[in-house]
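Both complexes below contain subunit A, partnered by subunit B and then by subunit C.
After this line comes the complex of A and B, so read on.
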């Protein structure tokens, strides 16, 4: 928290709308608010400049006999998280939605509705996360629902060939199952509908099950994402350490920071290659990935693994940096910088890159603010948001770096933000290695009391990754993960409107989404009103 | 005549090898090893061992695909026939036949694309149509002018430039591969093709590149003033060189967008055509 006056400002604003402080912990303030007043409280926070990080539903019936909904707001300017806790009786499970004032809460409220059975009043609701054939009235995040339970499938009339099937038509531009309905007029996109969550894995529920303990979850968390898995494991352990008050050795903090930046480097280079491929510039694609290979080797020098490093533990890291390889690391990043500079120069000289990325997929600053977008998407639209600066964590408070900021909000701006961030990451790694302190890398003895809460956030390559935890006995009582893509996908609707159909894949990819090569597109001719679907049997 | 037929057959057989060479050179620029030079032949032969799957839309789809290939073979043959005595000496009938065949190829490709019950293919077909409208008229005019043998060195040079640009467009390479545009349209016009039908389309695609390279080679050789067997030999040798230039150009550029491509082509070709008309008018 940047100052006591920050806290008093927030508390005063929320007390005026009937909320009261439940708990103050480090940079987090927990408020209790009634379901009738939650919208006013959210509005008050938004007027203070807060962004919605996420919301989470919790089955607290074993603790308080009630359900709870947590709205986690980040006040970047104050460096503090304000968490609104709304208690919901189990026999009348509803609360007032904050979506009319905070559009960014759209998906997380629907997720709470699907998984916990809490209804939200004052907004349109629909099924978001659960598959179409999931039975009504079965809520997987309720404690009585076993993690490996398989309810009987319910086939519905409305299930058609075009929707609800998590496999099928794929799109070479994207990399995981997802489904966009693009409404076009000629070659111009006029509207878009999205359906995702085809491969919802129930990881949060799994971590709460008997199969996992606190110490095992970091390895589960690292498998949330194949690209930025270390971000998730780091965020999880930080949340647990925060909740339990575990002080991590400084050397471990440095190691985590270095590996996080290595992960950013490989992620951005991967994305840059994909962007070049989408723009038909395969030479850029190949060279970006060739250069990225050096980063993979760098990761191997540092952690022993090219990817899925598996070094995070609660209380530190389980593997120290191999100091004999520090020289190799420094040489590699020096070479990397040189080659990356040449690549960027060549890429930006290709006329089609600039002409197609400029002015397409525009997200205005106002839209970015309303949707609480994160990472390069936010920074390309003029929002100065970076968790490393706003809520300094690990060793980031010790290093000097710039946060790239562009105001155009288009595909080119998002590309340039990532390019600049590669250079910044290289400098950060150099500084961290230079300042690497001695000492141990892990705390062996610690205690994790149950009933503690904490929010941890890390600036992942795609933006702010948030983990919220309520500690339990031997394992988390509730673990909520909000990946950055979750926050950025809703912005695609605004970004795709008016974009040429040819640039839609680039625009979708420009948020660096965590779904990939599988896609299904519906094209609607808005003049004739004729709607044609790409069907499974067409093998698209 | 015999030499022309031999040259045409040789070039048709070598076209997939040129394509293999293109893949190898592109791989080298990418710092990859790339496939063997005969890979395009291997691909074609493999595709013809697969079962025939007729896409939704009717069996005549196969006929259209085959006709497109036949038209390409015929247009290649005419080009080699013209090569045997030089572009400036082609008869009007030969020139018109070549132009008509080129238009037939483009039209059949569009018909094949839009006849499919697949929006990606349809979008690709309309993109093909837009490109055809942008490039074909300029290709026809410049070819007819060069074939007539009329005009000064300056006007012939400009006509050759127009022909080179418009023939590059019909080769379907980056930045004008927008009808196929793999990451955007998931192969667009070719999305429904598999097995032998894809094999036919692959040969057509390679022959389009051959026609494109041969056209430019033919126009360039006409400046040297060769005729007979030496002209034919020069064209056969110059074709892979032009192909190589096309390869490098396509590798260092990105894919255009249909609106940007059309705008660029109209501006460039209109500018060149205006210069051409001016040079004719002023007798330069």
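After this line comes the complex of A and C, so read on.
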């Protein structure tokens, strides 16, 4: 927390709308607010400059006999997380939606409605996360629902008679499923409908089941994402450590930070390659990935695995860094810097890259703010947001680096933000290696009391990753994960409107949506009503 | 010419793709692959089973035996089992070429004989674990061959006798 006065400003503003402070822990303030007042409280926070990080529904009936909805706001300027806790009685489960004032809450409220059965008033609701054949009235996040239970499927009759080509949204060989329906008028996109959550795996439920323990969850968390897995496992262990008050050795914090930056390097290089590929510049793609390969080898040398590093434990890390590893890190990043500089120069000299990327997929600053977008998407639209600066965690308070900021909000800006971040990451790793303190890398003895709460956030390559935890006995009572793409996908609608169809693939890719997610689009011509399926990678 | 820049890089770099499998794969010394359990060292204590995040290791008693099974199809190659193994029976190998034509080929097993309670006959622990425990701290047979339930009952009975309650 940067100062006590900022805390009192927040408390005062919220007390005016009927909220009261429940708990203050480190940089988190928990407020209790009634369901009638939640909208006013959210509005008050938003006008103080808060961003919505996420919201989470919790079945607290075992603790208090009530359901609870947590709205987690981050006040970047103050480095404070303000959490609103709304209690909802179980026999009358509804609350007032904050979406009219905070559009960013759209998805997470729908998720609470699907999984916990709490209704939100004052907004449009629809099923978001659960599959279409899931029965009504079965809510998987309620505690009485067993993690491996399979409710009977309900086949719905009212599915439309119109049959599309049944190949989407699953690509038979590659990539993750997501589904975009682009409405076009001639060559212009006029609207976008998105359907996701085809691979909702119930990871949050699994982690609170008997099947898992605190120590096993880092390995589960790592598998949330194939590209920024280490971010998730670090964020989980940070949340648990924060809740339980475990002090992690400094050396472990440095090692985590180094590995996080190595992960950012590989992720940005991957993205750059994919972007080049989508623009039809396959030579650039090949070379970006060739350069990336040495980062992958470095990651394996540091952690034991190219991806899903598996070195995070509650209380520290499993692998130490020795002098040989330090030499290898320094050599790799020196080579990388040289080769990357050269490649970027060559790539940006290709006139088509610049002309295709600039001015397309524009996200204005106001839209970015309303949707609480994160990461390079926010920074390309002129929002100065970086968890590493706003809520310094691990070793980031010790290093100095710049946060690249562009105001154009177009695809080129998002590309350049990532290019700049590669250079910044290289500098960060250098500084961390220089300052690497001695000592042990893990604390073995610790105790995790139940009933504690904590919010942890990490700047993933794609933006802010948030984990919220309520501790339980032997395992988390509730663990809520909000990946960065969750926050950024709704912004695609704003970006795609009015964009030529040919620029849609790059625009969708420009938020780096765990990129593989976005393979298939349906193009629907609003004038002729003709529907055709097109593979995104064909460049439309 | 802007296009020529990338050609210059390409010509300088040459081919980087390895001719795997004709060339050895690029593995660093830290690489973690599948694990290997040494049956001669394993006690069947089940520490690895408890720590394994994806349940790739299971220990199931059946009749007179308990089987420790390692199913590589579920393994996430974290190596936590090797870290916790008190017998140092688990080794993390560099093996990653794991494809097989049958599911059975992906499983390996260590079969342990179970020791039985000398009073009720219920299986207590594996014979190998029993041997190890006795070797490191010798205790009388009347203790180690009695299951916890029977031991509790026996203790309760003895305590009652001490308190003056008569035997049935």
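Keep in mind that, in the parts below, the second predicted complex is superposed on the first by the 505 of 540 C-alpha atoms of A that agree within 3 Å, B and C clash if a C-alpha of one lies under 4 Å from a C-alpha of the other, contacts with A are read in each partner's own complex, and residues count from 1 in each chain.
Basically, a residue touches a chain if its C-beta (ideal position, glycine included) is under 8 Å from a C-beta of that chain, and two chains touch if they have at least 3 such contacts.
Since the structure is predicted, the reported quantities are computational estimates derived from the model, not experimental observations.
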item: Touched partner set for A:351, first subunit B, second subunit C, both or neither; value: both
item: Which of subunit B and subunit C A:277 touches, first, second, both or neither; value: first
item: First, second, both or neither for A:231, with subunit B first and subunit C second; value: neither
item: Touched partner set for A:290, first subunit B, second subunit C, both or neither; value: both
item: Contacts of A:501 with subunit B and subunit C, given as first, second, both or neither; value: first
item: Which of subunit B and subunit C A:310 touches, first, second, both or neither; value: second
item: First (subunit B), second (subunit C), both or neither touched by A:192; value: neither
item: Set of subunit A residues, in rising order, touched by both subunit B and subunit C; value: 283-284, 287, 290, 350-351
item: Subunit A contact footprint on subunit C (complex, rising order); value: 2-3, 5-6, 9-10, 13, 16, 26-32, 51-55, 76-80, 83
item: Subunit B partner contacts - residues on subunit A that touch it in the complex; value: 170-173, 187, 276-284, 286-287, 290, 350-353, 355-356, 500-505, 521, 523, 532, 534, 538, 540
item: Of subunit A, residues touching subunit C in the complex; value: 211-212, 215-216, 219-220, 223, 283-284, 287, 290, 293, 297, 300-305, 308, 310, 318-319, 342-343, 345-347, 349-351
item: Of all residues in subunit B, those that touch subunit A in their complex; value: 26, 29-32, 56, 117-120, 123, 174-175, 177-178, 181-184, 186, 191-192, 251-260
